[in-house]
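Both of the next two complexes hold chain A, though its partner changes from chain B to chain C.
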Partner chain A sequence: MNLLLDVLTTSAILYIVSAGLLLIFGVMKIVNFAHGAFLTVGAYASLVSARLGLPPVAGFAMALLVGAVVGMAIEWLVVRPLYARPLDAILATWGLAIVLGQLITLAFGREVQFVPSPVDGTFAFAGGEYSAYRLLLVGAAVVLGTVLALLLTRTRIGLVTRAVIMNEQLARGLGIHAGLVRFFTFAAGAGIGSLAGALITPLSSVDPNMGVPWLVNAFMLVMVSGVSMASLLVATLVFGAAQVLLSTFVSPILGGLAIAVLAAVTLRIRPKGFARD
Partner chain B sequence: MFKFRSLSMAAVCALLPLSFAALAQGDAPIRIGMPVGLSGANSVVAPSVVQSAQLAVEEINAAGGVLGRKLALEVADDASGAVGAQKAFDALIFQKKVDVLISMETSAARNAGLPIVARGKVPYIYTSFYEGRSCSPWMYVNAWVPEQQVPPIVDHFMRAKNAKTFFLVGSDYSFGRGMLEFTKKYAQGKGATIVGEEYLPMDGSDWTAVISKIRAAKPDALVTSTAGGAPNVTLTKQLRAAGINIPYGNLAVDEGTAKSMGANAQGIYISASYVTGIDSPANKKFLAAMTKKFGADLKTPNDLSVPEYEAVYAYKLAVEKAKGTDPEKVVKALGEVAVDGPRGRIAMTQQRHAPLTMYLAQVQADGSVKVIDSFKDVDAGTQCPAMK
Partner chain C sequence: MTEPLVIATPPRSGAPLRLPGRALGLFGASIAVALVAPWLLDTYTLNILIRAMFFAMLALTVDVLWGYTGYLTFGQSAFFGAGAYAAGLVFTHLGFDPGHVWLAAGLAVLAAAAIAGLTGWLSFYSGSTPLYASVISLVLPIVMTQLLFSGGTFTGSSSGLTGYTMPDLSLEAWFRIAAGALVLLTAASWLVVRSDGGRLLAAIRDNEMRCAYLGIDTALLKIALLVVTAAIAGAAGFGYASFSGVVAPELAGFVFGTEVIIWVALGGRGTLIGPVIGALLIEWASAYLSGSLPFVWKLFVGIAFVLVIVLLPQGLLPPLLRVFGRAKRADLPALTVTLTEAPLAAHGTDATQPVIELRGVAKHFGSHQVLSGIDFVAHRGELVSLIGPNGAGKTTLMRCMSDGAERSAGTVRIAGHDIRHAPAHACVGFGLGRKFQTATIFETLTVAECLRMARVRIAAPSWWRRSTMLALPPYALEVLRATELDHKLDVQARHLSHGEQQALELAMVLALEPQVVLLDEPTAGLTLEERSRIGRVLVDLAGRFGLCLLLVEHDLDFVREISSRIVVLHQGKLALEGTVQEVVDSELVKTIYAGSGHD
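== the complex of A and B ==
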C-alpha cells in the first residue's frame, strides 16, 4: 500500500513539474530550458512569502503570479524576437536559465534554505500512515490537470490554443492571433512551472540550482508525451512507477536514472512516445 | 637598440617588486586560506564556520598579530564537493599564495584537495569531524573521528533504549560510508543486528525509497550519517512527515542545523565535542565575543565551527614556536602546541589527531540541546600509524 502511494505521489509530483513545460512545448514547439529556473523562481517566491509570515496558500499564489509575470517579460523580450528561429529560441532559454539562476544567487545568496511544510505529519488510514503533504500533492496534481483540461476543452481561449497547437499557420490563416496565444501560453507555462517549484519545496530545500535535476526529468517526460496532456498523465504514471520501483527494490541511484533511460528506450521503440496521433 | 632597452626595462620592472617584497616581508599579512562549502550541502553550516575564523583573526590581530604580522583571511567556495574543492584549493594555494589552509569541508572536498596541498606544500588544519584515517604529511585534524563519536550514541541506545536492531542511512561518499562502517562494526561487536543500510548521493534530497525500507525493516533505532547541512534537514523532514519516531541518532548534525530544523529535530540524539551549553569560562568568553561581534547575524556556534576558531589559534602558536611561517617547521610545531579554547585544551598529539571531550545530547523541542552524558579526553585511536 505504501509502495502504491509512493508511486502515486511521485507521479503526481512529476506531473505538476512537467505540465508547464508541456504546455509551452505544445503551443510553441520549443523546449523551454528555462523551466528549471522557473521552478527555482517559484520556490524562492514561496520562501519570501514564508519569511513575510504569510500563510502557505499565499506562497503558492505568489509563485504562480511571479512566474507568470516573469514569463510574460521573457516571452516578449527573448522568445518573440526569435520566433522564426526555434532552435535559437531553445538556446536562448538555456542562457536565460543561467541568467535567472545567477540573479537569484545575487538576491538570495548561494546557500540552501528551507520552507516549512504547510501540512505536517501523517495521514492515517486503514493500512497505516502516509505523509499528509505528499497526499495533498496528488490532489494538487489532479486539480491542476483538471483545470488545464477544462481550460483547453471548454473555453474559447482553450479552443484557440488547441487550434494553434494543431497547426499554427492554418490558425493564423483563420484570423487567430497566434502571437497573443503564444504570449499567454508562455506566461501560463511559466506560472505553472513556478507553482510547481513552490509545491515541491516543503519536501526538500531551496537553492539556486534546485531546478536542474527536475528539468532533465521534465524534459524526458515531455519528449515522450508529444503534445497531449493526457499522454503526459500516462507517461508520468508509468515512468514515476519505474523510478519508485527501481529506487525501492534496487537502489535510489539507479532509480534516478530510470526516467532518462526509459524515455530513450521508449522513443527508440515508438518515436511518437505515448502520444496517440 | 630598442630591444636592449625594452629588455633592460623589463628586467628592472621584474626585480623591483622582488626588492619591495624583501623589504615588506616583515609587514605582509600571514594569509589563511579557507576553502569552505558556501554553496551545496555544507552551505547551511559554512556561514558559522566563517564567523568563527573571522573572530579568531580579529582577536589575534587586536592582540598584536603573529610575530608582529597581521592575519588575513581568504575564503573560497568549494561547493561542498570534489570539483569545487579542486578549484578552490588551486586558487588559494597557487594564486593567492596562502601560508596555511584552515578549514571545515566535506570529505569529498578534503580528499580532492589533499593532492593539491601536497603539491603546494602548505600546512592544512582540517577542522571538520569526519570518518577518520585520512593522512597526509601536511594535515592535522582537531575534530572528532568515529572512535570518539559513535560509541556514546550506540551504547546509549542499547543500554537505555533496549535497541537490538539498527537501521543505517547515509550519504554515498567517504564520510557517510566510513562512519556507518565503523558504526556497524561497533554495534555488531556489542551484539546488535544491522537490519538495513541505505545510501543516497550527497546532494540527493528524495528519501522516499529509503523511508519505505525503514518502515519495512522495523528497526529499534535509526543511525544516520549524511553530509553536514542540507541532507540532514531533508531526511529529518521526510522522516517526520512519514511518522517515523524511533530513537534517532544523527552522527552528522550540528546544533546550528538542528535549530533550523525546528520542531522536526526534537528527540534527535547527537554526540559532539562542542555544545553551546558547555559550562566553562572559556566557552562563555567565546560566546560573549561572538555575540558582540555578530549580534543578530550570529549563526549558532557548533561542532563544525568552533574547531575552526581553535585551529586559527593553534596555527598562531605553531608559527610562534617555529619562529616563522616555514611550512615544514610549522607542520612540526602544530603537533606540539596546545590551545585552550571553548572545547577545553586541544592538542593534536595523537597521530595528527586530538583527544577530545565528547558530549552525548538530545535536541529539545525549542531547538536547544540538552547534555545527557559526557566523556572526558576520549582517545582518537589509531588514525595515522605512519605519523607518530
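== the complex of A and C ==
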C-alpha cells in the first residue's frame, strides 16, 4: 500500500514540477533551462514568507507571483530575441539559471535551509501511516492539472494559446498577437515552476542549486510528453512508478537515473514519446 | 579524359597563400611561448594554466562538435571524466609504475571512445533531431556521475580519488607537455576543419538533409566524429588527472559540461582559437577572482554568457578581430579550384531494364490514404513528367521513391535494387538523385565546396588538405557552364541568386552520377529565360546522356515542351499515363486543369 502511495505521490510531484516547463515548451517550442532556477526562486519565496511569519498559503501565492514577474522580465529581455534560435535559447536560459542562482547565493548565502511543512504528521491510511503533506501534493497536482486543462480548453485565452501551438503563422494571420501569448505563457510557466518549487520545499531542503536535479527530470518528462498535458500525466505516472520501484527493489542510484535513461530510450524507439500522433 | 575544362576566377590578391604563412607564424610563436613561459610565471599561475590547458583541449572538441558540426553537446565532460578516472583508478588500485602510465592512457582513450560509440549510436540515426541528440548528451554525464557516486571505495564515491602517486615531473615539464599538446591539437583541428573533409562538417551543420540526399551517411559520420573527439577529451582528462592528482565525479558532470559550452560560446564558436582563449582566460581569472569575489565572479560570467548568446552569437573573438582589422580571417580564404571532367562509370544496366520501378506503392497517414496502388516504370533516356492537382500526392510519391522509410506498402526498385527500408543516403547509393522544390544547398559553403560535397560518395575527401581539382561528370559541367556558375566557384552559396541556387542544386545532384533524377517543380520561381534554359538542359540530360528524369511540374506548357511521357496523379492514384498528346488532350486533364474537376 505504501508503495502504491509512493508511486502516486512521486508522480504528482513530478507532474507539478514539469507542468510549467511543458507549458513553455508547448507554446513557444523553447526549452527553458532556467526552469530549475524558477523552482529555486519559488522555494526562497516561500522561505521568506515563512520567516515573515505568514501562513503557508501566502508563501505559495508569493512564489507564484515572484516567479511570474521574474518570468516576464526574462521573456522580455532575453528569450524574445531567441525564438528563431531554439538551441541558443537553451543556452541563454541556462545562463540565466546561473545568474539567478548566484543572485540567490548573494542574498541568502550558500547554506542549506529548511521551510516547515504546512501540514505536519502522518495520515492513517488503510492500516498504515503516510506523510500527510505528500498526499496533499497529489491533491495539488490534480488541482493544477484541472485548472490548466480548463484554462486551455474552456476559455478564450486557452483557445488563442492552442491556436498558437497548432499553427502560429495562421494564428498571426487571424490577428492573434502571438508575441503577447508567448509573453504571458512564459510568465505563467515561470510562475507555475516557482509555485512548484514552493510546494516541494517542505519535503526537501532549500539551497541555491536545488533546482538542477529537478530540471533534468522535468526536461526529460517534457521531451517524452510532446506538448500535451495529458501525455505528461501518463509520462509522470509511468516514469514515477519506474523510479519508485527501481529505488525500492534495486538501488536508489538506479532509481535516480530511471527517468533520464528510460525517457531517452523511449525517444530513441518512438521519437514522438507518449504524444499521440 | 581529364583535361582541365574550366579555369575558375583568378586568385584574389594571393590571400590563400598569405594565411597559411601567418598561421605558421602563430604556430611557431605559440610553441615558443610554451617553452619560455615556465621561466617567467610563478608556481601558482603555472599550476592554474596547466589545468586550464587540459580544459582548453576539451573546449576544442566541443567547438568542433558544436561550432563546426552544429551538435550542441552538454556531455563532452563525461569523456573527460572517463579519461580522468582511468588515470585515477589505475594509479590508485594498481599503483604507480611507468608501464601503468601507458595502461591508464590507453584505458582513458578506449573507455572514452567506447562510451562515445554507444552514445553516438543512441544519438544519431536517420531521422534523429538535433534536440534529441542534445538530450542524450545531457543524460550521459548524469548517468556517468551517478555511476561514479555508486562506485563505493572503488571510485571514491562523492569525494573522488586523491592521494595517488602521479608521474614525477617538474611543473615546468608539465607546462611544456600541456602547452605543446594544446598547440599541436589546435593546429591539427585547424587543418582538419579547413580540409575538404572538414567542410563536410559544415555541410552537415548547414543542411543535414541535403547531405543525406548526397549519399552521405551523416549518422555514421557524426558517430565517428564523436568517437574521435571523445578519445581526445579522454586523453585530456587523463592528462588532467595525472597532473592534478585529484579526480572527482564533478569532472564528468553536466554542470562542467555546460561550463565548457560557456568557454566556447564566449570565445567564439567555430573559431578554434576563441574557445582555447576562452577556457584559459576564464579558468585563470576564476582562480584569482573566485577567492576574493566568489559569487560575484560567477554571476559576472553568467551575465556575460547570456549577453553573448543573445547579442553576439559568434562570441567575442570575431568582433574583436574586426576591431583590429583582421575580419578577413573569419571566412576561409577562397581557393582556386580547377574543374575537370570525371570519367563516367559504365552503368551495368541496359536500356531495356527499368531504372526505377514501383509496384503497388501506397502511403497513408493514419487512416488518411494519400497514395494507393501505384505501379510505375521508367527507363534510361526518358523524361517523365508527373502532373496532377494540388494534394494529388506528387511530392509524397517522390518521397516514397527516395527514402525506404516513407511508404506504407509496395516495393520500389532503383536501378534493379530493391530499396526495402533503406534510408535516403542508401537510395542515393543505388543511383538516385533528388532535387527539392526549394533550393537545398549549403549556405556557408562556396559553389565549389557544395559540388565537392556531392562527390564525397565517389571520391573520399582528404581530412587534412584542400584539393584544388574537382572532377565532375560532363553533364554537371554542362549545367555549370550553361548557367555560368563555373565563374562563381568561390562564391558562397548564400550569395547566389535564387535561379543560380536552383542550378547549383541541380549540378550537385548531377555530380552524384545518378541514373534516375527526381526533380520537384524545377521551374518554380524562375524567370522565363531561366525556365527555357533549364528546359533545354533537362532535354539534353535525357537525350544526350541517357539519364532518366522524373519531374513534378505544374506548368503544363513547360511539361508539353520537354516531356517524353506524362503521368497524371489524381486523388492518390495513377489516373492516366501516355505520350504528351494523349495526356494533354484527355478529358481528365482538361477537367482538372480547367478547374471544373471534382477535387
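Before moving on, here are some points about what is shown:
The rule is simple: the second predicted complex is superposed on the first by the 277 of 277 C-alpha atoms of A that agree within 3 Å, B and C clash if a C-alpha of one lies under 4 Å from a C-alpha of the other, contacts with A are read in each partner's own complex, and residues count from 1 in each chain.
As a working rule, a contact is a pair of C-beta atoms (placed from the backbone, for glycine too) under 8 Å apart; a residue touches a chain by one contact, two chains touch by 3 or more.
Not measured: the values here are computed from a predicted model.
Contacts of A:Asn167 after superposition on the shared chain: neither chain B nor chain C is touched.
When both complexes are overlaid on chain A, the residue A:Ile253 reaches chain B and chain C alike. When the two complexes are overlaid on their common chain A, residue A:Thr146 makes contact with neither chain B nor chain C. When the shared chain is aligned, chain C comes close enough to touch A:Val216, but chain B does not. Once chain A of one complex is fitted onto chain A of the other, the partner contacts of A:Thr155 are absent, as it touches neither chain B nor chain C. In the overlay built on the shared chain, the residue A:Arg85 is in contact with chain C alone; chain B does not reach it. Contacts of A:Val261 after superposition: chain C is touched, whereas chain B is not reached. On chain A, the patch touched by chain B and the patch touched by chain C overlap at residues 253, 256.
Only residues 31, 78, 81-82, 85-88, 90-92, 94-96, 98-99, 101-103, 105-106, 212, 216, 219-220, 223, 251, 253, 256-257, 260-261, 263-264, 267-268, 271, 277 of chain A touch chain C when the two sit together in their complex. Chain C contributes residues 72, 122, 125, 127-132, 134-136, 138-139, 142-143, 146-147, 149-150, 254-255, 258, 261-262, 265, 295-296, 298-299, 301-303, 305-306, 309-310, 313, 366 to its touches with chain A in the complex.
Those residues of chain B that touch chain A in the shared complex are 38-41, 43-44, 46-47, 77, 172, 198-201, 204-206, 208-210, 212-213, 215, 229-230, 233-234, 237-238, 240-243, 260, 262-263. Within the complex, the chain A residues that touch chain B are 2-3, 6, 9-10, 110-112, 114, 116-117, 120-122, 128-134, 202-205, 207-208, 244, 247-248, 252-253, 255-256.
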